[in-house]
Amino acid sequence: MAWTREQMAARAAKELRDGFYVNLGIGIPTLVSNFIPAGMRVQLQSENGMLGMGPFPFEGEEDPDLINAGKQTITELPTTSYFSSADSFGMIRGGHIDLSILGAMQVAQNGDLANWMIPGKMVKGMGGAMDLVAGVKRVVVVMEHTAKDDPKLLKACNLPLTGQGVVDLVITDLGVFTIDKKGGTGMTLIELADGVTAEEIKAKTDADFKVALGSKQSNAA
Amino acid sequence: MAWTREQMAARAAKELRDGFYVNLGIGIPTLVSNFIPAGMRVQLQSENGMLGMGPFPFEGEEDPDLINAGKQTITELPTTSYFSSADSFGMIRGGHIDLSILGAMQVAQNGDLANWMIPGKMVKGMGGAMDLVAGVKRVVVVMEHTAKDDPKLLKACNLPLTGQGVVDLVITDLGVFTIDKKGGTGMTLIELADGVTAEEIKAKTDADFKVALGSKQSNAA
Amino acid sequence: MDKVFSDARSALAGLVKDGMTIMAGGFGLCGIPETLIEAIRDSGAKDLTFISNNAGVDGVGLGRLLETRQIRKMISSYVGENKLFAQQYLSGELELEFNPQGTLAERIRAGGAGIPAFFTKTGVGTLIAEGKEVREFDGEKYVMERGLFADISVVHAYKGDTEGNLVYRKTARNFNPMMATAAKITIAEIEHLVPAGDIDPDQIHTPGIFVKRLVHVANPIKRIEQRTTRKRETVASAGAGEEI
Amino acid sequence: MDKVFSDARSALAGLVKDGMTIMAGGFGLCGIPETLIEAIRDSGAKDLTFISNNAGVDGVGLGRLLETRQIRKMISSYVGENKLFAQQYLSGELELEFNPQGTLAERIRAGGAGIPAFFTKTGVGTLIAEGKEVREFDGEKYVMERGLFADISVVHAYKGDTEGNLVYRKTARNFNPMMATAAKITIAEIEHLVPAGDIDPDQIHTPGIFVKRLVHVANPIKRIEQRTTRKRETVASAGAGEEI
């Protein structure tokens, strides 16, 4: 059985470390915050200018001046600080955020990432995605393994790129892959979802990858 | 009679306009703040990170956390704001300061300014002078006309430059000169100190200059 | 030299002209200078270029200026919330320049700080880098981006004093502080007007030098785009919650 | 993950090594992290490069590290207050790189914000531009300057919370905020330590992400370089006063 959205988020949460500052994209990545282990101190950054993002407010306590990068109402924590967009992206571009977890349309075996536009369709814009993948120390992609049976893990992206050689780890509903984005060892399948086989993954993947199940590579920060 | 330091400062104060934000260098320029006309609102910037600089404190009220760029104890005003050195020089470099009044060792007829080093002597550093002359909208130099009989207004500076083509107006103890720093009309003597003649100035000046006494050029912002 | 104007229309009087470039603060609908945007609409000025992270939503914020077809070009990072935008863009009426959000923020900050160009990793190897200089520093590639400077900037602040010193509130700060520095004339709308000296000078976000005109908008309507809440019985966990 | 250390020596434990590059905040003697500088002296590390606007005065601040000859190189904008500095520089013991003060501030800000290089008007046509790229933008010449990033930064703040959020006081802010962002490890000394949540999150100057270690220095000695005052009977005028 492939992983559910929650299981994918739980797997992504294993990439967290005590003291990390983390930026979560919208969709499944947002769910990761539900799986932060008790006692682990993780601060969430929201690129619109906040560090220490709290949960959604109780009904009736929404504050229009307090939203996350997905424009959702949120709350603050005792650790919270606010800053401008320039300072926020200085933090991101300067490599101060430890981990970014985000969705993708396509990931290539060299770490290229596409998640912002489909030619011919109306483009909404890249928002902060290009800055995040270029600037954050470690980039983890969480996505469905295929889109309507089309593989999303490719030899090369055919959609316009969000970033070149930027992805370190990919978590799909079928398994987990490391990517050596500096080249070298390429893409490696290191974990399988329960009941999924490497053969099944191979059939649904365009990218070339090695298999090294049980490897500890995913823990490399 | 040549102008005194106070008279030079008073003449420099005529360059102030209501609502101006101004940076004053050390020495005679500092005295300019004593000649701000009553009712005129002028805010003084100190490049170490303050806008709205107040007078020296009363004895016993000095605050080590509150100094100007000359490292002198000062006070704050109701209009005061504090900011970082990066923000301060962003303000300066970005052309937000209306006027800088500072001293000089040499000024050339093309607007070049030298005021930070003498080769062979121990160099203290340029501090913020290069940023000020490059960034502030209008640069006024206040200096003695000569240094031990050597002219300081030159065809070309022979000391290392602080800035190239940056000076708009020079006030010496003998008179006032405009400079067209974009080239064009060059240097022009527009005012004489009481009892000083253009001939006396010519004899003490190396730079070429036109004479247009009574011109209103000095009021151009 | 009084910076305080009685209303948005008089604060903008004589400033808005056809074809000019205007920066407008805000992220989504959070911290947008909505009253000043309405006054720009009322000015009737056309062929405007707006630099703003988003384009409002239909009927709110810059969405209002799309309705009246006063905007010729947008420089933004994300415009997904606005249907009218898509329509005008696809019909060729509206020009659009996408900037990565951090690049946009930094270009504005650079423009205000006298920096004509800088290098960033963001966008290397993407469409964004096309036609731009790419250069290697210490073995990594960077794109050169240019500073941005506008004719006027309109910003929203929580509090302001008569000297023009501004304080923003929570995530309504976003693009406002940089935009305040990056135009010939900056006009601020503020929710609370206080005398100079009332704001602790260590806590001023935008020094008054950057603000030429102020208008006091006592009770602005603040809209929420995505109202997300949690139930009272839910145990709080950092950043967690459920959409409703 | 506790960021609070009991004293400066333990806050620096294992961090200071021979030959490393260290940023130290402060302008003159205002806002310098003097306790941490003393602890660096006590570490005995040699051949250090310091990035700091000034070099302290004889016997105070970085002046102490000149006495012990631990500094090999300074990157500064003004060192005029320090006699020992001049002596070591002229004898060739000490290397010196002058930066215009604004260029220095911006290079540090750039280093912390992931910007490897930027262009500035400052220094065009002067010694500062020699060997650097000069380029024209819109008809004006600019010099390219590089970002600065250090091994460690030591900064002084007025207040800090257990998360590492910092607030500076008056002109003691100066270079401290940028330096806090521009090193692998930043250590802050703070005059007042409070629990997380005590500081209004809109009023934090340096977010805790930039500060790895904190030491509480309850009553630091603050020195004044130029004690200037006015007499009680003097009528106050903006910026006016007389030296004593």
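Labels for the chains are A, B, C and D, by order of writing; each one numbers its residues from 1.
The criterion applied here is as follows: a contact is a pair of C-beta atoms (placed from the backbone, for glycine too) under 8 Å apart; a residue touches a chain by one contact, two chains touch by 3 or more.
In UniProt terms, the chains line up like this: A, B = CoA transferase subunit B; C, D = CoA transferase subunit A.
Predicted model, so just to flag it, every value in this text is computed and none were measured.
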In contact with chain C and chain D alike are the chains A, B
Contact-graph separation of chain A and chain D, given in steps at minimum
1
Quick check for the class: compute each chain's Cα centroid; which one is farthest from the centroid of chain B?
A
Could you tell me which pair, A-C or B-C, is linked by more C-beta pairs in contact?
A-C
Whole-Å distance, C-alpha centre of chain B to that of chain C, is 36
Give, as an integer number of Å, the spacing between the C-alpha centres of chain D and chain B.
27
For chain A paired with chain B, centre-to-centre distance based on mean C-alpha positions, whole Å
54
Give the residues of chain B that touch two or more other chains, as numbers and ranges in rising order.
43, 76-77, 82-83, 89-90, 92-93, 135
Please output the residue numbers of chain D that touch at least 2 other chains, ranges allowed.
106, 109, 113-115, 120-121, 168-170, 173, 201-202
Looking only at which chains touch which, which shape fits best: line, ring, star, complete or other?
other
Checked against the stated definition, the touching pairs are A-C, A-D, B-C, B-D, C-D
Under the touch definition given earlier, write down the residues of chain C that touch chain B in their complex.
1, 109, 111-115, 163, 165, 181-182, 195-197, 201-202, 204, 207-210
Which stretch or stretches of chain C touch chain D in the complex?
106, 110, 113-121, 137-138, 140, 142, 146, 167-170, 173, 201-203
Provide the residue numbers of chain A that touch chain D in the complex, in ascending order.
18-19, 21, 41, 43, 45, 51-52, 76-83, 89-97, 135
Give the list of chain A residues in touch with chain C in this complex.
24, 30, 33-34, 36, 42-44, 46-50, 53-59, 61-74, 76-77, 82-86, 88-90, 92-93, 112, 122-131, 134-135, 160-165
Residues of chain C that touch chain A when the two form their complex
27-31, 53, 76-81, 86, 89-90, 98, 100-106, 108-109, 120-128, 158, 168-178, 205, 222-232, 234, 236-243
